[in-house]
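My structure is below; once you've seen it, I'll send some questions.
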């Protein structure tokens, strides 16, 4: 069955495996006449990129996106907007050794049971790399929402037992990108980084919490009863790898 | 836009306002040949009923359901299964006084902004009464899942700062219905009840946490990437009134 | 699987069997604030009613509809609009003799193969009676489209080899309801009726063609490429029993 | 709004403009473990290609497809199967002269009204070139259906007033590809070709009828009432450019 589509009016479909030829997204229903700022999209993509710091996964994914359809003379036309990122690193020799092993807490076992076949190279479709396609979709959505002055900003508010106990109104959100853990409060950020490094030295990982602030969101968005805004946001968030609550 | 439908193969659509003629559900895609145990459905409905104890809302909703379609000679036929609950209490004089007032933390304001019109009797469509229709759908789903020995059991694991800190494997789930707060550990249940009563005396309410245990769930349910099981469960849960996390 | 829903923004779900308790429709996404003219709806329902003339099926279905939800003080509220028609004639003794027989050109065999169970009373779900629920949905849609001066009028343009060879611009559409075959040209109508009667005397039936004229339809309705207006109309038309081209 | 997706379990989304970078398709829900015969897909694509004969459009589209995702070691994995065809001929200078003109019976005017912007190069999204993406989807579907010995074969049965008045059971369907008009009866085919050439000499075009024969189709496919097989086929067929009945 088909589960790679999200949304109704602005409908996204993502595709692609971690070590296949490419990953990408089709956005169907994007309003026409929207100016496509490619630098902004590239910047959003860069923010997602692993290997930016010592504290996260170290694979360097220097992603470049390409627009295949839906844009004419720099503007959307209302037809499906398709964007691709070619995977530079397709050699899967690194992954031969996991071919016969299921990694704990990964989807390897589930995929085998469900599909009877598994693209074992880097998690295939279940790799977190799939989120790069979502970032492309999110960047287009942000460009559209900007016209209505709606902003969406997220930050790390907790790592393990280190948490930022301020309300978002007391926080300077422009500071979020200033440190590698993306907590807008520098003091708390330093504590988080130090906790992550210590856990990492033990060969472990640690979870955290992300807060998201949406400004100028109009009243009445979402559709009762099953498509309430918070319900669809919860679905989207929990469809991200490793998101748990 | 339409948001009252959930699911794809087993697709439910709920309808009805708190003080309208009736609330109900259409289940489209329910497999044929399923025996309909009406007593079980009625029992599930009774479990939802408010006014069962001193600690919750006191409206007494003695709901009787009626099957309109989709069942023939006691079995489902594969056609849409429609169930109704007539609202006994339709007189809305009680609600005249809230006609012009928005209740805090209710959807009154949002509905007015979104629709420009509002059935102000008891919250109308935004009333928690809508969940009675979901219970009907859930009861049918449970009857179907029983054939595969899949069980779904929920219990209250936390109220305010009183929490049950045992793993579900250490808990006797048959005890859940034995007390009015539905915590399977009697000692913890008593503390929860006492906390609720004290908060209630202050004219306030208090939140809690529900745990749900699904047994015999086969591997591979749900569809990557946006229809993962946990993503759709999150959506369903957060579409319930007053559910927040 | 679920196939009883049609539409996206104005989404209808029909339910009910020919000789079950009731048939009905849930309209999800109907705009709020629409005045519900019950007399108009009842008139539309009456137009569908079989047994109106000597030339069609003779079962008399004096249908009365009932609104269960979605309307408050005579106007739609934007919540699901549910309408019911109770089946007066539920005694299925007439149908005992077809319990074990498949009627030619009916869905009896297909339903048995597909569902393994069949509500054999009058065709159950596959009865043309299901279209009464569609008429309710169509009546609401017409009320809404009237606000935009969009009209939808259909007439019989051909029966067997008798056809009305005029363009719709040369036809007085107000004459359509003046005769029992619903051809707006009286002379042609008489020929059609006489052909039907002669075929009927032979114990046979005969097919025909219906033309539909939509006025004031704005340019750009429908969505390329699979939801073009003509594509969705074709789907809707060919989902009607006995429609073949 | 989004209209470029068709299907539910085997869900296709097509994208791309006539003179954009590429056109393509995402197939979501294709069963895993299906062997991908690339030569068969290429052959299907070649059958669609215009410019194959003197009697149709003369643009030569020597299309090569490329698989981007969903296939691993020659088999489908159950993840979205994405296929691309790069457009070789993107220079739009030929189309500068139609920039300001609406071609009769094309979607030019409608697109301008609907989207306020138009990719005027070769019809953009409304070009018949979009069907190449459908052919890719159809080829995969055929590979899957072959496992169940279900075949789908179409042929031209009528051009203008020249028609093939034999039942499909009397026709040798292996002859369909033997002539350029694709009518399996050679004598009729010659008459059709001669009619097309004469119309073409007058600077006109002429319509026709296609018959399609599906063998080994199991009983019970499709879902009552709106997703009946014939209803969804009608929708699919009438979503093709220039299909009218």
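Order as written gives the chain letters A, B, C and D; numbering starts at 1 within each chain.
Basically, contacts are C-beta pairs under 8 Å (C-beta built on N, C-alpha and C of every residue); 3 or more make two chains touch, one makes a residue touch a chain.
The model shown is predicted, which means the values in this text are computed figures rather than measured ones.
By number of C-beta pairs in contact, A-B leads over the other of B-D and A-B. Note: the chain lying farthest from subunit C is A, by mean C-alpha position. Separating the CA-averaged centres of subunit B and subunit D is a span of 47 Å. Here the CA centre of subunit B is 35 Å from the CA centre of subunit C. Spacing of subunit A relative to subunit B, judged by their CA centroids, is 32 angstrom. With touch defined as above, residues shared between interfaces to two or more other chains in subunit D number as follows: 1-5, 8-9, 14, 79, 114-115, 125, 224. On the subunit D side of its complex with subunit C, the touching residues are 1-6, 8-9, 14, 107, 109-110, 113-115, 125-126, 130, 219-220, 222-228, 230-239, 244-245. On subunit C, the positions that touch subunit B within their shared complex are 1-5, 7-11, 13-17, 20-24, 26, 28-29, 32-33, 66-70, 72, 75-82, 84, 111, 114-119, 124-125. The residues of subunit D lying in touch with subunit B in their complex are 8, 79, 224.
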